[in-house]
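Here the structure is laid out as structure tokens; the discussion comes afterwards.
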Amino acid sequence: FCLWSEGKKKKPLKVKEPNWHALPGSFFLLFGLWWSVKYPLKYSCRKNKNACYLGSRAGFQRLEFVEGIIKAVFALIGMVAEQFVPDGPHLKLYNYEEKHWDHLMNWQHATMYLFYGISGLVDIVAHGTNALPVAMDRMMLSLAVFIEGFLFCYHLHGRAMLDVHVHQLLLFAIFGAAVCIFLEVFFRGSIVLEMLRTSLCILQGSWFWQIGFVLYPPNGSPEWNQMDHTNMMFLTMCYCWHYAFAFLILAVNYTIVSW
Amino acid sequence: FCLWSEGKKKKPLKVKEPNWHALPGSFFLLFGLWWSVKYPLKYSCRKNKNACYLGSRAGFQRLEFVEGIIKAVFALIGMVAEQFVPDGPHLKLYNYEEKHWDHLMNWQHATMYLFYGISGLVDIVAHGTNALPVAMDRMMLSLAVFIEGFLFCYHLHGRAMLDVHVHQLLLFAIFGAAVCIFLEVFFRGSIVLEMLRTSLCILQGSWFWQIGFVLYPPNGSPEWNQMDHTNMMFLTMCYCWHYAFAFLILAVNYTIVSW
Amino acid sequence: FCLWSEGKKKKPLKVKEPNWHALPGSFFLLFGLWWSVKYPLKYSCRKNKNACYLGSRAGFQRLEFVEGIIKAVFALIGMVAEQFVPDGPHLKLYNYEEKHWDHLMNWQHATMYLFYGISGLVDIVAHGTNALPVAMDRMMLSLAVFIEGFLFCYHLHGRAMLDVHVHQLLLFAIFGAAVCIFLEVFFRGSIVLEMLRTSLCILQGSWFWQIGFVLYPPNGSPEWNQMDHTNMMFLTMCYCWHYAFAFLILAVNYTIVSW
Amino acid sequence: FCLWSEGKKKKPLKVKEPNWHALPGSFFLLFGLWWSVKYPLKYSCRKNKNACYLGSRAGFQRLEFVEGIIKAVFALIGMVAEQFVPDGPHLKLYNYEEKHWDHLMNWQHATMYLFYGISGLVDIVAHGTNALPVAMDRMMLSLAVFIEGFLFCYHLHGRAMLDVHVHQLLLFAIFGAAVCIFLEVFFRGSIVLEMLRTSLCILQGSWFWQIGFVLYPPNGSPEWNQMDHTNMMFLTMCYCWHYAFAFLILAVNYTIVSW
């Protein structure tokens, strides 16, 4: 995810880069928005049983099955893209000529996608057949999110202060989501936890976009001063506004769905 | 909340400053004291059902509704005050002339109030209508408290040792309360958690006052030596006494209410 | 608790000092041993109801009442002793002549005892009358243990490496016990948590004694080299042996009681 | 476990060393693989009750009893081996002639094995008789794993960066497993937690092997550069692949068992 900010130092491909941070951001936003419709719908279905089109639990189970497929496909696309972009590793892990690891960043991102892929597969099996216990899907999703955070922790060495800070802020959303999803293993179907997860997912998505704009200001606007302490404080606050914004979206979707 | 301690270095407005630390302190104290009456009352109502004036659960639900309104109003007052005090930002975020962020501290405090405001709104909707699940109010309150702590963590850079220490002590009460309220999502109505929350809320309020007195000694008494290690140790202990005092208040109110 | 190790640097009262570390150690050992008898007894009473002398729950409730009284009395003794030992503060907090805090260490220990005293009082009220919810006793005990650890954290500055290390090891037992007791609020009467708490209490007690022997070797044996890294490693391991020993005691008492 | 990497600096016994890291690794792998068969089996037995050979709960209880014996025997072998290998301590703790602790590393490993031994004994008593509550076995196992991690934390001082890093990665699996097993005290028989534990156990086992290969490259291949930052990043990623691999094994065994 954070690959291009490192690559930047070598080749100034400024124009294209914001798109790359935007890619995972869009994935998370898309899932967050979808969940912000799905869970209120599920909740109001459970409350007044007859007023609901989508029918019984079976309908929602089919939805989770489809979600699993989409997740697995997205993860596959992500992995292939990370490997076969023009300056990607093309499945080559070690550069024997120059004796160093090749494109480690792309490999790390591919690993992150891999676990989301596994989570998608578990979703498919758990909701498509009844061989696996259903709670397994939450555990795998929690692990996938945790491993995303885990790998993030270990590839921020040697960056500029502001760059590290914006990524660290992301870690709160990531680990928060991992804990929240793990709790769902035990409190499955708790609307409160589902809303919390949705809000953290939207936050993560919109913050990815924000990182893109901070690190690669569009339209020739000046770069951010990486060493200015007040910039750091502003971004911390900005992060909170993103979160408030995520709740605004949740509230709007909730009221629309409730009607 | 901690704005004026920074502003101080520029303009020595000594006389007014303790009042500013006192403002949020009073809010928290007020809520803490109110809760220390409300929860014992609710508990004894639940125990002996007929001896209770306020009646059934409906009465307490109406109370929570009113609480939400008060919280939202307080938060609105706080936000407006932070913006429009004489040396406030007046909604201006960036100073284009001098090219720096404007009054970041006030904006941070306004952000803190914003989340308490959201929490108040959620209270109103959750207890006024039945569109939202009731447990939502605890989750939003927990998040509001967490974000208060989160923003606190990131604006203590570059202060004197003692100043940092007294604010760090506050973080124990803040994050403790956030965890406690989050647990209430799952163990709603547990009198033990409610008492714990109340005690931490009183502690936070009285500690805000204490911070005010430490940083701006009233009546011309000498300033505290910011570098003295024993001062730090004394304040740590003092913090525990405040907590013991919070329990004393709880105990007194509890016995009065029980009668 | 750790006062005399600091005092030592000024006055070499070597002979008496181990006794001082031994005092709280003995308290914890005594409680740990008592609990290692009480909880297995309670458990086997619950399993085969008729074979039990002590009778129904009322018997055990009276026991907890008595425990509360003993705890409160011990805490009172501790507080008075800390204040009125020959080189204690005698209730004087600030030395106005030399302008420094007076005997802060004794005050800190008195504060620790104070919270154990409050916990004892809550025990008495919760089990003697039925005004307070019973789970309150666990919460106050958890807080008392937590505050003991909290104050410990803040009075290890400026000591020698080994001295800090042996006290840090103690913190594991203290915070472990605090978490364990807090869990008991929700899983009251779980024999597993009660055994865990008992083992941690015995560990704390025996480690206090060990600290005494490490810092003040008796009978003129040479002092420990405070800077030797292997000493630190040995003590870490030794800590684990103490814990294994605590389990041995538990096992012996358990088998005796079961018969 | 990590003894030989220290010993290495003194005597270059390169050829034999990978075997030593492999020993505990094999234990963990063996247990992980066994659990990856046992728990799916138990789960499908519980789902369709008549299609199961092993019969009722009694069969599985006898299994846990046997497991306890094996664990205790392994632990005993480990302890004896650590003591009586040619360059071991032979039960001598302190070298009085040279005045230093003797073979502390072996003693630390023996201590780790000791707690696994205690856990095995508790398993035997809890499942063989009905004197002990059954949940005790999980608590002791959780403590044994925790103490393994605890001792690990304190014997990484003064090693090279990469060496520390690969051991730190191991700590995630260890403490993750400790938390997971502790949760099982309260959510006993949850297939999700059992699978998580199994996966972490396999991860730990295979990572021990990986550490062996990293620190002592076999067949005369060149040593890893301990100071290269990219090596660290590769190994972090590699750790995730090991985990993905653990899930692959779990999935394969699960499907075989389900049929």
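In order of appearance the chains are A, B, C and D, and numbering begins at 1 in each one.
Going forward, a residue touches a chain if its C-beta (ideal position, glycine included) is under 8 Å from a C-beta of that chain, and two chains touch if they have at least 3 such contacts.
In UniProt terms the chains read A, B, C, D = Transmembrane protein 45A.
Predicted, not measured: the structure shown is a model, and the values here were computed from it.
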item: For chain B and chain C, chains touching each; value: none
item: Of all other chains, the one whose Cα centre sits farthest from chain D; value: B
item: Same or different contact residues where chain B meets its copy chain A, judged by the half mark; value: different
item: Gap in Å, rounded to a whole number, between the CA centres of chain D and chain B; value: 46
item: Mean-CA-position distance for chain D and chain A (Å); value: 32
item: Contacts with 2+ other chains: residues of chain B; value: none
item: Interchain pairs in contact, sorted by label; value: A-B, A-D, B-C, C-D
item: Interfacial residue positions of chain C with respect to chain D in the complex; value: 43, 172, 187, 190-192, 195-196, 229-234, 236-237, 240-241, 243-244, 247, 254-255, 258
item: Chain C-facing residues of chain D, complex; value: 100-101, 104, 107-108, 111, 114-115, 118, 131-133, 135-136, 138-139, 147, 150-151, 154-155, 157-158, 185-186
